[in-house]
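Heads up, the next two complexes both have subunit A, just with different partners, subunit B and then subunit C.
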Partner chain A sequence: MKTTDIAVIGAGPAGLSCAVEAAKSGARVTVLDENLKPGGQLFKQIHKFFGSREHRAGIRGFRIGQQLLEATERLDVQVLLDAAVYGIYEDRLIAYITDGRDHTIKAKKIVLATGASENALAFPGCTLPGVMGAGAAQTMINVNRVLPGKKIIMVGSGNVGLIVSYQLMQAGADVVALIEAAPKIGGYGVHAGKIRRAGVPIYTSTTIKEVLGEEKVEGVITASLDEKWQHIEDTEKRFEADTVCLAVGLSPLTELAWMAGCEFTFIPPLGGHVPIHDRNMESTLTGVYIAGDITGVEEASSAMEEGRLAGVACAESLGYYNEKQALALKNEIWDRLDALRTGPFGEGRFTAKLKQLEARRQLA
Partner chain B sequence: MRVLHHPILGDETRKIDATIIVDGRKIPAIEGEPIAATLLSAGIKKFRETQKNHKPRGIFCAIGRCTDCVMTVDGIPNVRTCVTPVKDGMIISTQKGLGEWGGKK
Partner chain C sequence: MQSTDVVVIGGGVIGCSVAYQLAKKGVSVTLIEENDIASGTSGACDKAVLLQSKNPGLHLKMALEGVKLFPDLRKELDMDIEYKNDGGMIVIYTEEQWKVMEQFVQRQNKLGLEVQLLDRDRARERQPAFSKDIIGSTYSPMDGEVNPIYLTLGFFRGAKKYGAKAILGTKVKDIKLEKGRVHSVITGSGNILTRHVVNACGVYAPFIGTMVGLDIPIIPRRGQIIVTEPVASLIHGDVNCARYITAKFRPELLGNDEASRLGIGLSLGQTKNGNILIGGTREFVGYHKHTTHRALRAVLKHATNLVPALKDISIIRSFAGLRPYTPDGLPILGKVRQIEGFYMAAGHEGDGIALSAITGKLLCDVITDNKMTIDIDMNKLSLERFEEEDIDGFRKSHNCYGDAV
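What follows is the complex of A and B.
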């Protein structure tokens, strides 16, 4: 049976950052990912990242992905692709399938960095071909270079909705309108400004009433919402559209953490049920760590910092770093994480993450 | 429709180098791209029909999670087309319900 010091499940921003950080200490690291290519969702992020220089602001997401992959190669991290992990058993035995065959690997430490998946939204016509996740559309235009449609209605004005609207236009689509159920725009003003200047109308307090079409999306009827989120009569508008993109949040992919027996807490701003962890990113199971969107949905920059934190903590507990070395590294990472969770947009996440850590303290 | 020019990504450098057959129709493709991408490039949006009510379904998540985009590929039903790479000569059919092995309908 294969063995490794640290098995990281998920080769996205959190998993790769974790692997790189842990490998720097001298630990043997194996990354498993079900996809055929590593990088998770980084390669569809063609925009420049936000934050300060330490957060690699100003660098486009796919370049960060390339840098991480180069680092894994330089540090001899083993990356197993087409490796779908389906079970975590006692004593950190991991079972996975590659090319239709069963394999196992035994790890001294496990890091779950499985990410998140897009939420759906229910309305008449929501299952018609042409209704898709905004991230799905982003994958199609930026990774696969095909347009999902020509006339797009975007639902949701968080950063995903705003950024993907702009990127759909860069790819040559027409974004007919962006609608938002809340009374105000959810994402950064700078992103909203960009698409407004490009002529995209943003309708707040507005939702989809119905998507029209038999075999595919042919039109969209919207309606205004009152302060109790109820449709206001006679406010319907009809749009010609062939695609509806849903940017209505993500949910952590927590199946493996549930299966392994991690304890959870319920924090809606983080995406619902999230595994409880401590300041080392260790879950309630000894030797099982979590990092990135599985711990609560944020964005790639904080996912990478959480990955590094888990990487250092794993290396420390395996003796690759002494307490002093590890503490210095962890403090630096925590400073950067705290900085990412400030301001009008970060504060809510800061409070939510405190609640998650508090749940850990209450268990202790 | 393919994105041939792009302000950030630049011009498309890959070439059409494969053909897949979808419900009997030849579709030009790029070897290695997801099947779903080839279909979208040809304007095909309906990938399957549901078992009971025969309702159309297409791409939803594009990351292999939701299984809305499954089709019958080379006789194997329920293949996730958003994460399965194109190989030249693949034979693909719109899946009816749960599909059938061998590609019969």
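What follows is the complex of A and C.
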């Protein structure tokens, strides 16, 4: 049977950062990812990251991905690709499918860094070809170099909606309109300004009423919303479009944590049901850690910090770091995480994450 | 204090069926369930209504009487319970099994079960997906299928339609007796005055028993089941292998390889949606409800040997349910001698779905002091039949206090 010290499930920003940090201590680390390429969503992030220098501000996402991959190679981290983990069983046995065959690996510690998935939205016509997640459209243009459509309606004005709108325009599409159900734009002003200057109209307090089309998207009817989120009559607008992108939030991919038996708490700002964890990112199951969007949807920078934290904590519990060494490293990471969770956008996440830790304390 | 004629404890298929039959008769019934309807064993099983798997004798007789009720239920209940009567097969791999099944079939025929042996070619005519490695199979046109969750919900909604009350998400804390008879039920949300209590708690029935000083020999036996993605029609009716029958009645004959230790006997069926249900195991692991990798692997090995096409179909889920197992494989039904007004309706192991309708009828007759409408000797199903049994020994020898795995 294959064994390892630390098995990290998910080779996105959290998983790779965790693997690198743990491998630096000398631990044997194996990363498993169901995709054919590692990096998670990093390789489609062609924009520069925000934040301070420690958070690699000014570096484009895919470059961060490349740096992390180089580090895993340098540190002899084993990265198993096309490895879809379908179950965590007794005694931390991980079962996965590669090449259509069943495999297992036994780990002393498991880190779940499975990320999040895009939310869908239900409206008449939502199953027509041409309606897709904004993240899917981003993968098509930035990774596969395929334009999903020519005339695009973007739904949702969070950072994903704003950034992907801009990138779709860079790729040659026409973003007909961006609509937002809330009365205010959700994402950073700097991103919104960019697409506004490019002439994209942003309609707030507006939702999709219906998508028109026989076999594919041919048009979109929107309607205005009142302060109770109800349609206002006679406010319908009709747009010609062939693609509708949904950027309406993400939900943590928690299936493996549920299956392993982790205890959960419900925190809507983090995406709903999230596994409870302590300051070391350890779930309520001994030896099972979580990091990144599975712990609550944030962004790549905090996912990477959480990954590092889990990596250090795993290494410490396996004896690769003593308490003092580990504490020094963890203090630095905790400080950087706190810094990421400040400001008008970070404050809410800071409070939400405190609730998650509070849930852990209440269990203990 | 609320009051009601009968309190049924347990919202599984058995409790709901009993509540349905009583409410239909005009009896005032209150059903109490700790979680939700079909949230335990009834929601964690396959969909077979098998006659062939019943031991020829009282067991088969009950099942035969029981399935007669299904066609009517389909009309009575305001819900599509997906009842079908596509027959069932038991696959035979060796000459030795063929001989065992020959005798089994003869005994079944005597009791009125239509069942015959098919050679390999005729078996594969019915199930073209079977591998050529089989020797043959049995076939009974009387085996059927039902959606267990819809059946349970159908009984539940039917009971409510006839005026039954339901208290869900509520735990029974105690049962008070007065002068040797049932007086009231103490719950997490108030007390209920009643003269009759039905213990329909399946594997949890012993905990209710303790409240009134009864030692009930029911222990959990875990069954793991795998669900595939929906595919076009591939499996027709119920399919079991002869090992399934052996695992059920004579596990000691199976030998000592891993599949035998896990009590693996293959069962296959396809739901209305096209998902194939692949079972299963029969394991004594206490009240642990998780699935195990080794069992899933072993079950799938058997399944793909019989139906090679399964290799190209994806699995989407697996789950485990706890079957309420009794020392003689028969359920514990009816009055309890020591306590007036206390009734048992539990211990059906893997036969609860098939026996649900008849259990409801029998209990209804007993509780309403009717002449029995079905000719079944209730003494042979009573709790008292275990008076001489070393119940704690039974629990210990079957790992009831269970180690995981």
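What we mean here is this: the second predicted complex is superposed on the first by the 364 of 364 C-alpha atoms of A that agree within 3 Å, B and C clash if a C-alpha of one lies under 4 Å from a C-alpha of the other, contacts with A are read in each partner's own complex, and residues count from 1 in each chain.
We take it that a residue touches a chain if its C-beta (ideal position, glycine included) is under 8 Å from a C-beta of that chain, and two chains touch if they have at least 3 such contacts.
Note that this is a predicted model, so its numbers are computed, not measured.
**Q** According to the stated criteria, A:18 is in contact with first (subunit B), second (subunit C), both, or neither; which is it?
**A** neither
**Q** So in the superposed three-chain picture, is A:170 touching just subunit B, just subunit C, both, or none of them (first/second/both/neither)?
**A** In the superposition, A:170 contacts subunit B only.
**Q** Scan A:104 for contacts with subunit B and subunit C and give back first, second, both or neither.
**A** Second partner only, subunit C.
**Q** Using the touch definition from the top, say if A:7 reaches subunit B (first), subunit C (second), both or neither.
**A** Once the two structures are laid over each other on A, A:7 reaches no partner at all.
**Q** Go through the superposed model and pick first if A:136 touches only subunit B, second if only subunit C, both, or neither.
**A** The first partner, subunit B, only.
**Q** In the superposed arrangement, which partner chain does A:274 touch: subunit B (first), subunit C (second), both, or neither?
**A** After superposing on A, A:274 lies clear of both subunit B and subunit C.
**Q** Of the partners subunit B and subunit C, which touch A:93 in the superposed model: first, second, both, neither?
**A** second
**Q** Please work out whether A:248 is in contact with subunit B alone, subunit C alone, both, or neither, and reply first, second, both or neither.
**A** neither
**Q** In the overlaid three-chain picture, which partner chain does A:60 touch, first (subunit B) or second (subunit C), both, or neither?
**A** first
**Q** Please tell me which partner, subunit B or subunit C, touches more residues of subunit A.
**A** Touching more residues of subunit A than the other partner does is B.
**Q** Okay, in this complex, where on subunit C does subunit A touch?
**A** Residue list for subunit C touching subunit A: 290-293, 297, 315, 318, 404-405.
**Q** Which subunit B residues qualify as touching subunit A in the complex?
**A** Touching subunit A from subunit B are residues 1-4, 6-9, 12, 33-34, 36-38, 40-41, 45-47, 55-66, 68, 82-83, 85.
**Q** Would you pull the subunit A residues touching subunit C in the complex into a rising list?
**A** 86-87, 89-90, 93, 95, 102, 104, 261
**Q** What part of subunit A is in contact with subunit B in the complex they form?
**A** Residues in contact with subunit B: 34-36, 41, 46, 60, 117-118, 120, 127-133, 135-137, 139-142, 144-148, 150, 170-172, 214-216, 253.
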